[in-house]
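Labels for the chains are A, B, C and D, by order of writing; each one numbers its residues from 1.
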């Protein structure tokens, strides 16, 4: 009796180590064996990995899929098409859509849209605002993966709750057992300097960066740590951009607070000089930092371990919104954010190639840990027998350059990574045993992807 | 040639130690000798200390003298009359008067009023608000002792600047070399819980306490520490009420931040049970805490040294404002604050008598350190030859009870210390060589007190 | 083409998680597949796990196999017979034999003896003394797994090198890349108190414990940490017995020192009261500590993670040497140490059953981490495809009592665990694909076990 | 009625601040007034300070007066003659004389010799060895100022007790309330490297330095801290020579251990390059360190405060013993130590002149703190009225060079400070109201100096 799929002739890598000339067997969407190539069962379909590297499917805990409501930027179909092409098997969408995901029915709407069109598996955060604190238990019941609070104004203009409301929300969230993540920039500081810069006529792309100083991020991290210590809530720091914030996270971990933290490829790849070189397309919030902050982010965040996970903050906007035609024009007319789903694996594999982290450490931060942080492990993020057959095959030696953003699969593909050269790329993506991407093509069906049920894990 | 005044037959106590059968000689308002009683020069006037304790004059860095504008509560004359009677030789007035002290001309007005009527020496803080950040250098020039920011709404309703403005203000204040103190309660937290409590019909005096939780104070301390670390500004925490806040101050000192901190006698003397026993007259902001927080305040603040100085937060209001006739009536109709200038020395001497701190440690925190913190040392806060002849003679063994608030010298004398029994009291107060209080009477002239010139020290 | 062996119908547990109804396939002594029971390849031999738990083979990094020279106590055959019966697939022997393992030819002798008679795989430490520091590189070449220094006198009386020699040895060991472990008791302290106790006529078994106070262990840990920080050597603390020593290890890890630490089942199971209840048979060095130290060992060592690994310190002696017939007789005539290979898995599974640690955490500390610490991973300590097919099947629910030490397989079986009741036991032991223990019998061949080649991993 | 002595026209400096145009009045050896020059009482003798600086008499807590038994090097008369000439009013002698001061009768002998011939006040440590632990209470009764343990072999070859004996000694010393100081070099490390260096034919003066590495000092500090934490004993680190040891002291203070520490002028003035420039005359134990260690000693020790006090380790030897005629000859034939009593005040005043510490900070570490550490305060180390009239008048602006060691007052005057230039010098020394040094001459009587009675303070 043969199984559905066998992949053979790979080096299988997990955080625990690596095995050459091996592969996995899949039946009914589940891993039924991991073994040496010639000791895997017969299969209806056999993929030859040609010696490449097979890892647990990449889990991206931070994307903006834009649907419902902002489909002119991106939708579930296009976002998960990009995910499949990038080697990402699970994505978690941010709640700053239209409507914002702040009520059970909005979450249901978002889930329904995803079920209808996604190529890979997905989930969604729900936002907490001044208006919906009482709904926190219901939002848990409705199946959200976790909660999100925007501490300062950013894209989508979801107004931040005040500190009293945050404390009250944390008390309620603690009881759900789920985790609360933050857009951690102190709103008063960034608003103050933004106004001051505008008044002073400072409007270059780099001025946008400087209007949101590191102290705004560091202070927001510290304040949330103190509130988490007070309430016992589990918290997460999205898109940590600076070494100073990573150091604050490390101090919080030392105090015994249950805090996890993520950073994004662009903070590790670029310094703020990119604003002077590429201008508004590289605009993002929090901004890309200077070389000194970046060095500390690598040292304290990656080498010493303050940063748990990698995610993209994939945030598509139209070329007009990004002022692509006027990259050094008045930055206050441009919008923040850019796509990333198809460059995150290449960026990280390039770092591996440079010896800045090992394959095992990459897999840990890009698959296993995000799955653990958000309650999806071991269903996602492992290659354990009996779990979802999500895996990504990468070629760690492939040298290539992102020549044109049109080579990407999102609806809008502005990114500062255009023109950058990489060593490494995802070549096949498998979700619950189905090959959704191979040979450069997204081959999965729209609508195959499904919501990961957090209650079951 | 005889000097103006000699005090003899005292035990002279400074932070460095104590000498029995000794005293000081004064000429032209300045100490010209400290010596054994029989080795001091001849004098026009000789006071016999009768074996009591002579210490450098008490410096109270936190009073509300209410003038200009709120003279129905208190004025410079009445506040400094109480100071003289309490053994306090220098007071620093808070800026939440009417007008608030936010411009050079308001400061000048406040100084002029003080020059006209004060019994003891004085100074004043200037407030920093959203509106006057640009005036920070001018306010320095105008002679302010330091700066004050209200982080949350409290008596006087001076609106807090936002965090961006605070950062900007700190940059400017750092350049003046002066120190910035805070009413450190997170405004969003206390406003949130106050509204919630009111909506829930909770209106007992103890509910006022609980509407301003410790976390609001702790978080405010931590945030200001981070901003001070960022800007290099010197900061001060007024009226630290809780052990948790004292621990935050200790962590800040460990990080090398130039932070100083004060607490008040009522936080060391009472626990929150006083709200259930005495009601609205004991209402104050930040509120008096529970026994556990108080124990940590003693341990971390006093025993281990996180708290530098003692001050009263002397804050007179009329009996009607304090709801004296309805002590357990709706607390939201009552006002916060009470007088303290005449009970601070007795409270601290009682602690000395109980063995909770030494005479030397008391003098250090109640005279020397506040003078150092605010730039008045050694002119004030020492008994060094050549400095102002400010000193206080106390009887550390006198047992007495504050039977009636009418025995006090302020215009309005509501205080929860009525009915409390003490061991110790100031018996004579000398300011620049003039006896301003003795034998139970304020004997100094109104208008003798003068502004301490910070620029000269 | 069928493989050699398949085990099916187990719950497979590794530090990364657990899979029910699963098993492993083995060929040529290597794991070739891990999979669901019905998706494993055909095999010459199929074992039915009957729903029990299969884990990577237990690695015991601390036994005294006594051969060469002390075969009247134990030898390679008997020690590894006990290991097989206890579910242990790899053991590392201590060097305090006769001759002591301090020269390449002695190590070769020890290896040869093991090759001739062992039932499971093995390795050996080499000792560092004042006499052989120059031989450190040669001992590395000769294939030792790591180095051992006795800081204080203990069984075998290997004299401690002085602190200068230790520094010099660490410099040399750092260059080999191998790790240096310690019997960490300050010799001067234990000798001093031992003499004092003897002189005072204190000779009860509990007096032996108190003659080797916790401070002797704590100080030795701290001193070696400082030397490791100075030299960059990797160090290991064998048999940490006290919470105070675990706290010292934790401080060392915080300082960034590459230190690992082990504890033994008896320190977690018994308190020093066992000396009053069972007497000399429970005598060991370092001694079993009081309840307070044990509580801290659990909290700081196990819960917070200062302790990396579990090992037995399996140390057989004859009943005469242990004074079994006179358990409360003069303790200075008794010897320290007792067997443990057959009670370590039961003790740990009992803790799992009591909810004090998870199955995953047990496997991590009893198999994966010791293999990593001593350079055997992933060959040993994992269930990764392509590595040695070492695994242990345990019944975590089996309740039993060690009625009689004769039920054990060592040559001499004195142990204070006689009379203790357990929940859990090893039921089958597999070494490189060969079943060496099943159905209560050691079925492997003497001489099958082989030296693990550290150079190859 | 006039007093015995008045000094006027000085700037009086204490740790609390400074007063110009002031002075002190003395009667019966006691300070009876501190005052402005013209407000001091009439006196039989009036000294004009000519605007110089008057400070509390310098207290040197670490000298080797060599008597009894080694009078060919130095004796009480010559050592205290040098002290008077150096501005030092109290000295404490080390116990490594002949006989060593290890019994009450030896202490009595040392005291008697001092009473017979000293120019300034004095005290003595008693040594603790393996032989006299039981005598600790008696040595307290006999009036010793404190205890000393030599942890490694140094001049005098007092054998170190073992760690068990040290623990036992600390328990006993804790009960006396007195403090225990150390020659803190790990004996095993320095002996090991000394032998190794000798065997290797390394015999330059710099080799002596390197044979006693910093780790030997750091480890000894850490071990004693751990023993003090265990026993509750108060401890002191003599002659801290390195930044690493200062950091260890700082960690101990953070752990709440009652540890104090001293450094010596030569560690702050010279780097180890002096061994290459001046050779054997600069040989000392612990040795003078390299520039990096010195920089940390300044930063952590002086600027951040880990070092409490300054002392000389004044250690006279004959020119022959110091190999003055063969400064770069075989260093193993030379002896360690050199004189310092007449260069310590100049060295520190030179640092003050360079802005490396303030006059107040100098006085604190060179007079007030050593007096407090050893229980002499405020009798010594203050200018408080009623205490001993010990003071030193210094000219902080005097530039001079130590041209010739014969300009010094010890019996043997070898010192590496010959040839060094200073800014600042003691000009008058007063002990209990008697001028013992002025105008370049020791004018006090031999035998005037007396033992400071510790029991009385």
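FYI, a residue touches a chain if its C-beta (ideal position, glycine included) is under 8 Å from a C-beta of that chain, and two chains touch if they have at least 3 such contacts.
On a predicted model such as this, the values are computed, not experimentally measured, just so you know.
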{"item": "Chain whose mean Cα position lies farthest from subunit C", "value": "B"}
{"item": "Chain centre separation in whole Å, for subunit D relative to subunit A (CA means)", "value": "64"}
{"item": "Whole-Å gap separating subunit C and subunit D, where each centre is the average of the chain's CA atoms", "value": "52"}
{"item": "Chain centre separation in whole Å, for subunit D relative to subunit B (CA means)", "value": "43"}
{"item": "Numbers and ranges of subunit A residues touching at least 2 other chains", "value": "none"}
{"item": "Pairs of chains, among all present, that meet the touch criterion", "value": "A-B, A-C, B-D, C-D"}
{"item": "Of all residues in subunit C, those that touch subunit A in their complex", "value": "3, 12, 14-17, 19-22, 25, 27, 32-36, 38-41, 377-378, 382, 384-387"}
{"item": "For the subunit A and subunit B complex, residues of the former touching the latter", "value": "162-165, 167-168, 186, 188-193, 196, 215, 218-219, 222-223, 226-227, 230"}
